[in-house]
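Structures follow.
One chain, chain A, links the two complexes that follow: it is found with chain B in the first and with chain C in the second.
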Partner chain A sequence: MQFFGSSDISPSPTVPTASGNNAHMMYVFNRNGVCLLYREWNRPLRTLDAQQDQKLMFGLLFSLKSLTAKMDPTTAEKGNLGVPQLPGQGCSFHSFRTNTYKLSFMETPSGIKLILVTHPRTGDLREPLKYIYNLYVEYVAKNPLYTPGTPIRCELFNTSLDQYVRSIA
Partner chain B sequence: MAAIYSLYIINKSGGLIFYKDYGSAGRMDTNDSLRMASLWHSMHAISQQLSPISGCSGIELLQADTFDLHCFQSLTGTKFFVVCEPGTLHMEGLLKHIYELYTDYVLKNPFYEMEMPIRCELFDINLSQAIQKDRVALLGR
Partner chain C sequence: MAPVAPRSGDAIFANVERVNAELFTLTYGAIVRQLLTDLEEVEEVNKQLDQMGYNIGIRLIDEFLAKSNVSRCVDFKETAEVIAKVGFKMFLGVTASVTNWDADGTCCSIVLEDNPLVDFVELPDTCQGLYYCNILSGVIRGALEMVSMKTEVTWLRDMLRGDDAFELQVKLLKQVPEEYPYKDDE
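For the complex of A and B:
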């Protein structure tokens, strides 16, 4: 627990080093909430099994989106809390931070959700996520053997993703 | 333009005990603010479950397209959160100051019942002063 500036009580994660191993995991969901990709680089703690974890993550993002859409202090007409919204409609969010991790989020117009979980002190990852989306388009969406809505099994995508994430984080 | 849009205080079970709006477009009605508070309470708890590292104490900062949400949780589980313009600085300090005001003017008030909505005049006065001071400091920059 972070309390009055002293971080002695909380287990502060190690500061990112030049070797760049501070990305924890990455999720890709489609608009129906199917987890297309789950990649993990560094995850010491696992509280749930993989499927439950992915469901919980999608639920968190879904609810946070409806929260931000309703809370948006710049528009008066927001509709009711929890009304379904199309991708790009309403106020969304791009990241949140806790004392142990930072989650960066991007939603594409087709409803693909990209989630990258990193060290809490990493900067803005909106551009890197766009780049990862480009990788997805190049290696997954343009792959003739890939059926949309199924888990991604493209070696080329995985290796280039690993390489890229290592370079940014 | 207001730097701070609104302030919420929620008790340890997710009930809204204080809500004040400082000029956001389309003020939220009572039911909506109660729903937002309990929704935030659960999102805060779920974020702890999803942590890749142990010792997570929930969301501290949520960056949305049009606002930032800073949250501070006290040791007893009371959560304070402000909605402010994106990139507003020193919100952690302000939240801790609001927490001090809460302990001084709410918890030490013998007529205050724990976990119930806050209706303390002294708290209101000191809170608006603190927010005002914060705004002046912002204008001075």
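For the complex of A and C:
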């Protein structure tokens, strides 16, 4: 699907040969929808301004999560679609794949959402996302100069994140 | 299936970085002492300790979740057990027990027999109203608030006041559901 012109982007991208070029971007949100971090490594096509883009991403995840919980065939107790759930209630998805990218998602009970967008052929990233959460704890949550709930400006976190993402994707 | 929450914090405790217990105890003592000097009123010190604990709790929850692999906190009963068995072990090196559940399962007591914060401490007559460990109640309140449980945490027993154990009452006020944070017109 191409909505925004620019026909030079092929629908199924070739696998990058150089390692470390597989990750496109990463988002970190908190429960209030504040984008704590947006990190971009490889994103040739940009269609929205940063704020709209982040809001759209958050909205997508929020709706998708309530849809997946609603469609769950294994549990009887689920509210109506759109009815707020308690954190951790209901099932959730951990990734989806299109022909051009894969989005991996992790949410913690404290409401931190980690989103990593990579090449569609990347494997299971649940463990790597947990590792990134640990990086967040070490470099952000434990940083006394960081105010919880504000965008992350910790060089050390960014550096170690870049390094780690290069090693996995 | 979500991974099962750990039953005890021993394994995690063995793997986290630790500091010398005396250094920890004395540092905490120095903070309380300084607060007493600065704020003068014992009531104010209680409040300040609770606030400091709260600020710690809202950060500490992420470390707790990351290291303990707990992936859901929906059930309050289960949550209280995990705090007592895993949380206290992980951060203070001691284990607490959970008792005195009320009929609706929204209020319980966390009992600490052993509390590293109070080694070497005796309350002088001038500080009788002080809840020396009030930082702990703040930590629990802050951490639970981050997993959408609004609670009220109060001290029922305090060894520094002559009781035989430390007892914290944790009362669940409400669980806040996830809501879409943006308004439609934004």
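To be clear about the criterion, the second predicted complex is superposed on the first by the 157 of 169 C-alpha atoms of A that agree within 3 Å, B and C clash if a C-alpha of one lies under 4 Å from a C-alpha of the other, contacts with A are read in each partner's own complex, and residues count from 1 in each chain.
The rule we apply is simple: contacts are C-beta pairs under 8 Å (C-beta built on N, C-alpha and C of every residue); 3 or more make two chains touch, one makes a residue touch a chain.
Not measured: the values here are computed from a predicted model.
Aligning the two structures on chain A places chain B and chain C side by side, free of any clash. Once chain A of one complex is fitted onto chain A of the other, the partner contacts of A:70 are limited to chain B, with no touch recorded for chain C. Judged by the touch definition given at the top, the superposed model places A:45 against chain B, while chain C stays out of reach. Looking at the shared chain after the overlay, A:158 reaches neither chain B nor chain C. Of the two partner chains placed by superposition, only chain B is touched by A:101; chain C is not. If you count the residues of chain A touched by chain B and by chain C, you find the higher number for B. Seen from the CA centre of chain A, the centres of chain B and chain C span an angle of about 120°, rounded to a multiple of 10. In the overlay built on the shared chain, the residue A:93 is in contact with chain B alone; chain C does not reach it. In the superposed model, A:59 lies in contact with both chain B and chain C. With chain A used as the common frame, the shortest Cα distance separating chain B from chain C works out to 7 Å.
According to the touch criterion, the shared surface of chain A, contacted by chain B in one complex and chain C in the other, consists of residues 59. Per the touch definition, chain C reaches chain A in the complex via residues 58-63, 65-67, 70-74, 146-148, 175-182, 186. Residues of chain A that touch chain B in their complex: 1-4, 10-11, 13, 24-25, 42-45, 47-48, 53, 56-57, 59-60, 63-64, 66-68, 70-78, 81, 91-101, 103, 117. Within the complex, the chain A residues that touch chain C are 31-33, 55, 58-59, 62, 84-89, 108-112, 130, 133-134, 136-137, 141-142, 148. Residues 5-6, 24-26, 28, 32, 35-36, 39-40, 42-43, 46-67, 69, 73, 75, 83, 96 of chain B touch chain A in their complex.
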